[in-house]
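The same chain A turns up in both complexes below, where it pairs with chain B and then with chain C.
Here is the complex of A and B:
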């Protein structure tokens, strides 16, 4: 599964938190620390498995534990129109 | 939820003086000669080169700027405008363009759709005859209208911007109808400002008291212009706005201002970095030290709660940061 930032998103990390704007709707979103780190990887495009590897390394959490949270996070971002997910 | 996030972000950027909003004027050259324009035609600044612009954009992104407006003059007179727009989006700015639209091509419209721009704000003053009379260029309405159609076709968000003056007052109802028929947003502004060199000759186009009142009372004119209501306690009145804290302005020659309308030079990006100017310059420290109660006359004014006092406008009108803006006074009086 390949994940990338939706083209109409503007964003900036301010004081450790990512703030995202959907430029079509001007709707503002924010992410927590883990979400912000994930977003930095997603913004340039990444495979889901690689994202898990990177986050597991950064936060010293077992991959299996992270899997459920990140899956939900990705679903949430997709629902909000912030990312594009290609392949299953 | 978004409101809560906005409040949280607003608190952070205010505390840290992050320039979340920046207007970058890329050129003062223009192919139109609008009667009310605030840019003096006889003193065109030397512009920054493409690489200098890109370097500044990078510095702005690093400083936390998210909302970026590229403005002019007419930005499409710069051959590198699309390159600058693409680079801005690569840096993840929420990008808006201010333009008269006359030079926008089909390829430009397509590119804007591709890169995911937040909006194009186009100046339109009324029907063809009135519009062309104000711009001083016959055929400008047709070209602007063509740009609106092209951008619309490509799904690019358009916001029509109209200063309401005594020379186009009768056009505003048509403009609302036109915007609604095209399903595009519109914004009106009754504030005409002196030219950047302090020349006040353009103020003759300001609306008179009666028409100003009509404008504020016309509900159809919202969301373009809202009548301010309610009262504020004295300690909540902010007579210096967020210019120099969360708003920054950059002129075509690289001069940084607290806001593009607040012409108090902070430094030049050809000599210093944005960070040095924004966080360490003597000038910015002074601007941030100013308090609303320093403006004695305005602070105790009964109209303060509805006043749109702009420190930049005050400076242009009176050459005194603590002075009273007659333009803001007139607008406030029309709302009471």
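Here is the complex of A and C:
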């Protein structure tokens, strides 16, 4: 599964937190620390497994929990039109 | 062939964000209405700090059945920014900032067109238009913002008209190490303001919420971004502009105090401590 940002997303990391503006809908979204780190990795496009590897190296969390949390996170970003997921 | 008269107005907010209107028209009514509405914001001298766009405008007959809430369509073609609505069309070269277009000979159309163009120019100069009431206190300004119905006009009505920058749209801008508020000709319920071009240093910004009790609470950066963004007016919604706006908010949050203000309808001006 390959994940990349939608083209129309403006974002900045401010005080460790990512703020995303979907310029199609004008909605503002903010991410927590883990979400911000994941977003940075997604920004250039990434495979899902590679994303998990990177986050597992940054945060002390069981792989199974991380897999579940990041799967939900990716689904949420996709629903909000913030990312594109190819080859589910 | 008719020999149309040429009329030129330079409309500025503060001294450095300006729109030059070059109009070819024989319509004295619209020219007089423009003069009446914006004369307090006319600037004759071009300063070297002036950041302006020149619009060459032709008029078309005004339509009676036009709805003011029609959406502005924005399109980029290379360096060309195209702004269109049922009653106006503009194509602006974003490099030279010179534009050509046409608008209905109606003051409402001109007013909408100016809001769109100024909101684009403002971001280029580290500023934006905020839906808010701006109140002057000496050399300072206090900003009261919130969604529709939150009480912006309620607050504005409690002060003499000469102390109000606008009850609807105020320009907020970073300049050197300070954050300034500028009066605008864009008004809401109060319809017409002082008509003066004012620049004041912002002391505090309040996010309004009606309540039974009065309470003031300092907002953190997250609250500031989340409460400010929905109230910023920007039509040209591109990645670049949205990113710049986030950066401008961050700079502002470092320089001025943002607060949540819960207030009862019968609040006295003295209780606002401004």
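Everything below uses one rule, namely that the second predicted complex is superposed on the first by the 88 of 88 C-alpha atoms of A that agree within 3 Å, B and C clash if a C-alpha of one lies under 4 Å from a C-alpha of the other, contacts with A are read in each partner's own complex, and residues count from 1 in each chain.
Simple rule for what comes next: contacts are C-beta pairs under 8 Å (C-beta built on N, C-alpha and C of every residue); 3 or more make two chains touch, one makes a residue touch a chain.
These numbers were taken from a predicted model, which means no experiment stands behind them.
J.: Between chain B (first) and chain C (second), which, if any, makes contact with A:43: first, second, both or neither?
T.: A:43 sits against chain B, while chain C stays out of touch.
J.: When the two structures are overlaid on chain A, which partner does A:79 contact: first (chain B), second (chain C), both, or neither?
T.: The answer is neither, since A:79 touches no partner chain.
J.: For A:64 in the superposed arrangement: first (chain B), second (chain C), both or neither?
T.: neither
J.: With the two structures laid over each other on chain A, which partner does A:11 touch: chain B (first), chain C (second), both, or neither?
T.: Both partners, chain B and chain C.
J.: Would you please give the residues of chain A that touch chain B in one complex and also touch chain C in the other complex?
T.: The overlap between the chain B and chain C interfaces on chain A comprises residues 7-12, 14-15, 19, 21, 23, 26, 28, 30.
J.: Which stretch or stretches of chain B touch chain A in the complex?
T.: Interface residues on the chain B side: 2, 5-6, 8-9, 12-13, 16, 18, 20, 61, 64-67, 89, 92-95, 114-119, 157.
J.: Can you check the complex and tell me which residues of chain A touch chain C?
T.: For this pair, the touching residues of chain A are 7-12, 14-15, 17, 19, 21, 23, 26, 28, 30.
J.: Per the contact definition, I'd like the list of chain C residues that touch chain A in the complex.
T.: Contacts found on chain C: 221-222, 225-226, 229-230, 237-243, 245-247, 250.
J.: If we count contacts the way the header does, which residues on chain A are in touch with chain B in the complex?
T.: Listed in rising order, the residues of chain A that touch chain B are 7-12, 14-15, 19, 21, 23-24, 26-30, 43.
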